[in-house]
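Structures are listed in the sections that come next.
Paired with chain B in one complex and with chain C in the other, chain A is shared by the two complexes that follow.
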Partner chain A sequence: MSNHVKYRIGKSTGFQALTIVLATSCVIPLVAILMYIIKAGITKINWNFLTNVEKPVGEIGGGIAHALMGSILVIFFASLIAIPIGILCGIFLSENKKSRLAYWSRLSVDILQGVPSIVIGIVAYIWLVKPFGYSAWSGSIALSIMMLPIIIRSTEETLKMLPDTLREAAFALGMPFHRVILKVIVPCGISGILSGVMLSVARIAGETAPLLFTAFGYQFFSTNMNKPMETLPHLIFKYAITPYKDWQDLAWGASCILLIWVLLLNILTKLITRRWKVQL
Partner chain B sequence: METSVENELITRNDISLRVITSEKIRDIVKGIKRVKRSHRQIRAENVFRRTLVIIGLAMVVLVVGIMLTLIVQSIPSLKALGIGYLWGQTWDPVRDVYGALPFLAGTLLTSFLALALSIPFSFAVAIFLGEYYPKGWLANLLKNTVELIAAVPSVIYGFWGLAVLVPIVRSMEASIGIPSIGYGIFTSSLILAVMVIPYAASLGRSMIQMVPSNLKEAAYSLGATRWEVIRSVILPYTRSGLFAGVLLSLGRALGETMAVTMVIGNTPLMPKNIFSTGNTMASVIANELGEADKMVYNSALIELGLVLFLVTVVINMIGKKVISRFTNE
Partner chain C sequence: MESTIVKSVDYNAYFGDNHVVKNVNIEIPRNNVIAVMGPSGCGKTTFLRGINRMHELIPGATAKGKIMLNNEDVMEMHPIFVRLKIGMVFQRPNPFPNLSIYDNVIAGYKLNGIKLPKAEKDKIVEHSLTRVALWKEVKDSLTKKGSFLSGGQQQRLCIARAVAMEPEVLLFDEPTSALDPISTSTVEELFHELKKNYTLIIVTHNMQQAARVSDRTAFFYMGELVEYDNTKQMFTNPTDIRTQNYITGRFS
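Up next is the complex of A and B:
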C-alpha cells in the first residue's frame, strides 16, 4: 500500500474518531445536569415540602404546594383551550391541502412556532394583563398559544399519513363529512395526535418567560384563576436568584420535580410514537 | 309495436296502482323522514366545515394580531425616540434615556458565540447518526438523548448554570487574569450552545439520510475513503439543509430568555469583551416589563419585543424555505 493511500485511510479513520468523540460528548452536559439536579433536589423532597406553602426566609418547613397546584391548574386550562382548537386546525390543514386559506394558515402556524416565548408573554400582557390585571387566566392563554403550533403540526402530519382509501371507503358508505372525520379519521390517527398533545404539554410545563408578567406569582395557596398564581418554573426562577440558602434548597427540590415530570412526559411520548409506528 | 309498449305501460301502472297499500305509504313516509334527516346531516356537515374554516382563519388572525399589537404598542416609543433608539448606547429609565444598542449587541454576541460553539457538536451528531451509525441501539440512545436536551426547561438550565457553570467560569477567568465575575456573555453562550445542539443536529441528520445512496456508492467505487465521501458528496449535497438547521438554532438562541437572564449579569452597558457582563433583548424584557410604569419605558421594551419577533420570523421563514426547496429537489 502506498504512503498516500495509507495517509488517506488514516485521515478517514481520524475523522471518524473525531466525529464519534464530539457526538458522544453531547451527552455529557445532559447527564451532568440530570445528575446534579437529582442529587441536589431529591434530598429536599419530603412531605412538608409537598404540602406547605411559602414561608418567610429563616423559618423552616416552607413548601411548594401552591406552585404545584398553580402549575397543574394553569397547564390544565391551557390544554383545555389549545387541544380542541389545535386538533380542529390540524384537520382543516390536512383536509384542505391546496386552498389559499390553508396556505396562509400553515404559514401562520410556522411563524407561531418560531416566535420566542417572551414575545408571547408580552402579547398576553398587552391583551389581558393591561385591561384586567395579573391573572392565572392570562398565563393559561399565553401557554395555550405556545401549545397550538405543536398540536396542529402533529395532527396535520399524522392525518396526512393516513391512506386516502380509508376516507374514500367511509364516504362510499354515505357517511357525512363530519362523521368521516370524527369517527374514522381522527380515531385512526389518535396516537399521533395524542403524542403531539403530550409533547406540547411537556414543552409548556417548563416555560417561565410567558408567565413572568401574566400569572405573575403568588405566595399563598390559591385556586382562583382570576387572581395571580404561582407556578413551578416561576417559583424556581424566583427562588434561584435569591441569596437565601433555604429558598435555593426549595428551588432545587422544585427543579427536581419539574425535570422528572417533563422528562417522563417526553419519554412517554416517545414510547407512544414508537408503538404507533409498529402498528402502521 | 307502439300499442304493445302502451299496453305494457298501462299494465305496469295498473300493477303499481294495485300495490299502493298501507305498506307502500309507510315506505313513502320513511323516505320523507330520511330526506329530512339527510337535510339535518347536510346542515351539520356545513357547520363542521365552516368551523374548520373559521379556526384556520383564526390562526392567521392570531399571528396578524400579535404583530399589529406589537406595532401599535411600540408607536409611543417610535414617536418619542425615533429610529435612533436602536443605536443609542445608554439605557437609563430613571432619566428617560433609552438606547437599545447594548441589548442588540448582547443578543447578537451570545447567539453567534453559542452557535459557533455548538456547530461542531451538532454536525458531529448529524454525521454520526446520518452516516456512520444510522441504526442500532447506540444510535437510538444518542438520538433520544440529544432530543431530550431540547426538553429540559430553560429555567433549569439557568439554575444549573448559576450553581455550576458560573463558579467554573469564575475560576477560569481568575486563572487567565481578567476580572473574575463568572456571570456574563461567555457563560450565557456556553449554556445556549448546549441548548441549541438538538435543533441543528436533528435536521442535519434527516438531511444526511436523504442523500441518494447511488451518489455515495459511485464515490466509493472510484476508491474514495469514507471521509472523502462525506467531504465531497454528503456535505456539498446537504449544504443548504445544514444551513437551515443552523438558522433554526439561531432563531432559538436569539429568543431564549430564562437561562440567559439568570447567568448574563443583567447590566445595561455595552459589553467590552466576551467575558464582560451584559444583557440581551429577551432578558431585559423579562426583567423590566413588569415594573415599567412609564408610557415610553413600557413601549420601548415592547419595541424590543417587536424587533425580536420580526428577526426570528425572518430567520425561521428563510430556514423553512431552504428546507422545503431541499426536500422538493
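Up next is the complex of A and C:
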C-alpha cells in the first residue's frame, strides 16, 4: 500500500475517532450535573420535606409542599391555555403550507421561540401584573407563551410527515374537513403531538425568569390562582441566594425534585412515542 | 341503449394558469368499465379527480364546465355529497393506519359519525369484503390493523372501503401500478364482478390492462379527449392517428 493511501486511511480513522470523542463529551456535563445535584439533594428529601411549607430560618423541618403544589397548578393552567391553541395552530400551519397567514404565523412562532424568557416575564408583568396585581394566573399565561412555539412546531412537523394519500383517502369518503383532521390526521400523528406537549411541559417546569415578575412567590400553601403562588424554580432561586445553610439545603432538595420531574417527563415522552406510534 | 350515468360537458381543469384538461365531453354508460389511458401528464388523472371534486382540494386548482351525475351537475352539489355517491381508489393503497381492518371497511360511516347497530355494521363489513374477495383471507383477523396486510390485500381493502358506502360510481386512479402481477390480476378480476353493481372508471398506464378489463376506452392526449369508443374498436381500428401511434407504441 502506498503511503498516500495509508495517509488517507489514517485521516479517516482520526476523523471518526474525533466524532466519537466529541459525542461522548456531550454526555459528561449532563452526568456531572445529575451526579452533583442528586448527591447534594437526595439526602434532603423525606416525607416532611414534601409535605411541610416554609419555616423561619433556624427552625428545622421546612418543606416545599407549597412550591410543589404551586408549580403543578401554574403548569396545569399554562398547559390548559397553550395546548389547544398550539395544536390548532400547528394543524393550520401543516394544512396551509403556503398561505400568507401561515408564512407570518410561522415567522412569529420562530421569533417567539427565540424571545428570552425574562422578556416574556417583563411583558406579562406590564400587561397582567400592573393592572391586576401579582397572581398565579399571570405566571400561567407567561409560561403558556413559552410553551406555544414548542407545541406548534412539533405538531406542524408531525402532521407534515403524514402522507397526503391519507388525507385524500379521508376526503374521498366524503368526510368534512373537521372530521378529516380530528378523526384521521390527528389520531395518526398523536404520538408526535403528545411528545411535543410533554417536552414543552418539561421545558417550562424549570423556568424561573417569567415567574419572578408574575406568580412572584409566597410563603404559605395556597391554591388561589388569583393570588401570588410559590413555584419550585422560584423557591430554588429564593433559597439558594440566602446565606443560611438549611435553606440552601432545601434549595438542593427542591432542585433534585425538579430534576426528577423533568427526567420522568422525558421518559414518559419516550414511552408515549413508542406506545402510540401509528405504523404508516 | 344503456343509460348514461356520468356525463361531462365542456369540462376544463386548471392548475393555476396551466390548462390541464381541455373541453372534455364524454358520456359514461351505467354498469360499464371505462378505461382512461394516455401518456403521463395528459390530464387523465386530473379529469378523474374532477369527477368527484377531489381536483379542487389541491391549492390553486380550478375547474369549469359541467360533470353530470344522473343529470345533476356535481359542480353545483356539495363536494361531500358528491364523494359519497362517487367512491375513489388511489394509486397507492392507503388504508387508515390507525384503524383495524373492520373499522377501515366501515370508515366511511364511522369517521363520518354515522351510528349503525352492530349487526348492520357486521353485515356491511362482511358484504363489502366478500365483494372484493378478501373476506376469506381476513375474516379471522378483522381486529388487526389494516397496515399488516400485503399491498394487494390493502388495495382490495381500500376498494371494500369505497364499496361499503354503496356509491354509484367507483373511480380508480392507476389502482394496480403499485402492485405485483398476481395482486394485479386479482384486482382486475374484481372489476368484472364490481361492474354488476357499479360503474367503474379506471385510469391506467397499462394498455394491456385497458384492453383486458374495459368495455370502453378513452384516450387522452395533451389534455384533450382524443378518442372514446368501444375498447375492441379502439385497439383494433382506432380512427385518430394519435391513438394509433400511442397504441402501437410510436410515442409515449
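The rule we apply is simple: the second predicted complex is superposed on the first by the 244 of 280 C-alpha atoms of A that agree within 3 Å, B and C clash if a C-alpha of one lies under 4 Å from a C-alpha of the other, contacts with A are read in each partner's own complex, and residues count from 1 in each chain.
Note that a residue touches a chain if its C-beta (ideal position, glycine included) is under 8 Å from a C-beta of that chain, and two chains touch if they have at least 3 such contacts.
Note that this is a predicted model, so its numbers are computed, not measured.
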For this session: Considering only touches as defined above, state whether A:P176 meets chain B (first), chain C (second), both or neither.
Result: both
Exercise. Is A:P163 touching the first partner chain B, the second partner chain C, both, or neither of them?
Worked result: second
Exercise. First (chain B), second (chain C), both or neither: which does A:K98 touch?
Worked result: second
Problem set entry | Contacts of A:P187 with chain B and chain C, given as first, second, both or neither | second
Problem set entry | Partner chain(s) touched by A:I150 [first = chain B, second = chain C, both, neither] | neither
Exercise. In the superposed arrangement, does A:L68 touch chain B (first), chain C (second), both or neither?
Worked result: neither
Exercise. A:V27 contacts which: chain B (first), chain C (second), both, neither?
Worked result: first
For this session: Name the contact category of A:A82: first (chain B only), second (chain C only), both, or neither.
Result: neither
For this session: Go through chain A and flag every residue that touches chain B in one model and chain C in the other.
Result: 176
Exercise. Of all residues in chain A, which touch chain C in the complex?
Worked result: 98, 163, 165-166, 168-176, 179, 183-184, 187-188, 278-280
Problem set entry | chain A-touching residues of chain C, taken from the complex the two chains share | 52, 54, 57, 59, 80-84, 87-88, 90, 92, 94-98, 107-108, 111-113, 145, 147, 158, 161-162, 165
Problem set entry | Residue ranges of chain B touching chain A (in the complex, touch as defined) | 41-42, 44-45, 47-49, 51-53, 55-60, 62-64, 66, 69-70, 73, 120-122, 124-125, 127-129, 132, 142, 144-149, 151-160, 162-164, 194, 197, 201, 225-228, 230, 251, 254-258, 262, 282, 285-286, 289-290, 301-302, 305, 308-309, 312-313, 315-317, 320
Problem set entry | chain B-facing residues of chain A, complex | 8-9, 11-12, 14-16, 18-27, 29-30, 32-33, 36-37, 40, 85, 88-89, 91-93, 95-96, 101-102, 104-105, 108-120, 122-123, 125-127, 145, 148, 152, 176-178, 181, 202-203, 205-209, 212-213, 216, 233, 236-237, 240-241, 251-252, 255, 258-259, 262-263, 266, 270
